[in-house]
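As written, the chain order gives the labels A, B and C, with residue 1 at the start of each chain.
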């Protein structure tokens, strides 16, 4: 596995035998993967494969088991807000914005996770990544278009200077052209050294952003590999698991 | 003129209900719990204030109310910790049981009398309308508190955290906000506001050990009467309920005014004016 | 399969019959126990239909005590002021709350739980104001005294015991049969997913309204019985606190089973008999309620604790004869 990406030799996120369950129902188990700084790893697989549940187990919104190491600290068992403070940011399904608050307030809330001296700079930097944010600073986040909301959601996470960013289906409900913009933005994050775990069904987005992919089916890892192998493997897997 | 006089005095009385409605609304919006014991916190504040006497009794009363609501906050946190997906109605039932506890405690300590804290003396006359300084004082204090709360919610960092937690507990905790702690602080805040309302009540209508439940019902009707539940609408609703009750006292046969608040609750909730979302445990 | 179904319908009824017989034997030895058992039976009559409505249909109500008060005042007014026979007034005592409940059910039962709780408790407060203010009919705060005892049953405690427990047995049997029936299963689907239940052709509104009306009717019957047994009815006799307590009985006893409300009613009666003092009782009682709600939100008779409660419910300890919430003729 590549460990040079982003110029660091230490992986940001390591999952060891992570499982997620809802009461008696086990959504996924025994999932081990790692994401290096500046790397984008796509978590793919058919509906019901356990992708979103895995994200939940990582950020603490779903009961999980196993180990989630972030810069060497095990997050499993911690409360959700502590995991966020430790540097694990999530853009959940539905984007996780506060729709009645303004864009500025959303970013300010995100920036609370950055060290207090860096907050202003962090907001500035995050806002600068998406041109429209500055212009519509005092607009309620809920009044933006789906694509804009997705970008504000990413910016809100970036403002907190996270180590790892979990993105759950960012392309959902977006027009293809917007997906392209989003991909561009994600690729632009590579230089910041943030490790990104991207859950995605949209093949275009995966193929233009992901460095590697992990294929999940029926709650387990069935295959993984680099971007080159992605196209064949995914097509095959999708056909197989349909 | 009599109508205007009843109306104004009703609005002054409504200041107490407005504050209580406000207390119920902030807790409701942030935790999904309608704290039925809110009126009892107010009753406790009034009783303690009367017992300790002016001037510090008022402060002591407010502290007592805050301590009581803080205890409810702790119960809420334990309840949530033991099961995050539990039915919110159970914690509402807890607040009803807590009302019994507070009523019984107040009765054993202070007895059954309706008690009064010394009110602001004096009255004045504006174009034939007779008003008390106490009423004006209560109204102004309530408005100042409301303005302070709105300003704090709008501009302070803590206010932003509260607003975010009220919108979505899940999104808030993913943003690193310690939602449970915010909710606890909101319980304290609700208790303190109810405490102020209780002291004001003891200065005008008086409080007894059993005032709590009726105060809660009146306050809840104030919180929902305008359809949407927000801080300022709850307060305004409380004022209107005060007005309705005062006019009821003046123009309805004696005693029927007690039905004003429950009738409004039935009418407003059954008409579907209040959004269903307010009643759904949006918490994960 | 059919055998186990029938057993599950009969066994709670048998357990209740066991409780009733045990209490009757104890009552013959110590007559004061009859007072306790009549009180338990009265509360059970109010709590059982609410258990069905809430536990199976998911619709909460804080109005059971209020409907009982309507039934009690109806018979008090008709028999004392208009000279009706108690059996003629029974029809009205049951019918009036039932019809009232059916009429208000439509807008009410659409409401989410929390809102429904607050609306029903408001209804009870309105009832109370009406009882206090319609002085010419209800006697205002003083209420109505001198309500005649029922013929045959009279004030004889053992007869009262068997009257109220027979009613409890009938209601429990109907409850158990209903849950097993197709309509009962459909009702249960309402609680889980209302939209789904509607899409399978269940008339959710009608089903819930009927149940709400039925539980109000049974409460009216309980109130009718209460008025004639106690001989006195005032607005404070069956007040809003009673309605809250009935709901607590259901929740604490276990809202998902037939036995739950009866266990809840028993514990409540015993607790109010055994706890010291009337003034400090609320503190102990309320704290206990909170502890149970927080730590056992499913109540005592939850599926996992079934076996444990079966042993317990048949061996209710003897009660001391102390004042409290109990039914004794004034």
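Convention: a residue touches a chain if its C-beta (ideal position, glycine included) is under 8 Å from a C-beta of that chain, and two chains touch if they have at least 3 such contacts.
For reference, the UniProt names are A = ATP-binding cassette domain-containing protein; B, C = Branched-chain amino acid ABC transporter permease.
Worth saying up front: this structure is predicted, and the values here are computed from it rather than measured.
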| item | value |
| --- | --- |
| Farthest chain (mean CA position) relative to chain B | A |
| Chain whose averaged C-alpha position falls nearest the assembly-wide average | B |
| Contact-richer chain pair [B-C vs A-B] | B-C |
| Mean-CA-position distance for chain C and chain A (Å) | 54 |
| Centre-to-centre distance between chain C and chain B (centres being mean Cα positions), rounded to whole Å | 32 |
| Inter-centroid spacing, chain B versus chain A (mean Cα positions, whole Å) | 42 |
| Touching residues on chain B, where the partner in the complex is chain A | 160-161, 163-164, 167-168, 170-179, 284 |
| Chain B to chain C touching residues, read off their complex | 34, 75, 78-79, 82-83, 86-94, 96-101, 103-105, 107-108, 213, 217, 220-221, 253, 255-256, 258-259, 261-263, 265-266, 269-272, 274, 276, 279-280 |
| Chain B partner contacts - residues on chain C that touch it in the complex | 60, 104, 107-108, 110-115, 117-119, 121-123, 125-126, 129-130, 132-133, 240-241, 244, 247-248, 251, 279-283, 285-287, 289-290, 293-295, 297 |
| Residues of chain A that touch chain B when the two form their complex | 59-61, 79-81, 84-85, 90, 92, 96-101, 105, 108-110, 112-113, 156, 160 |
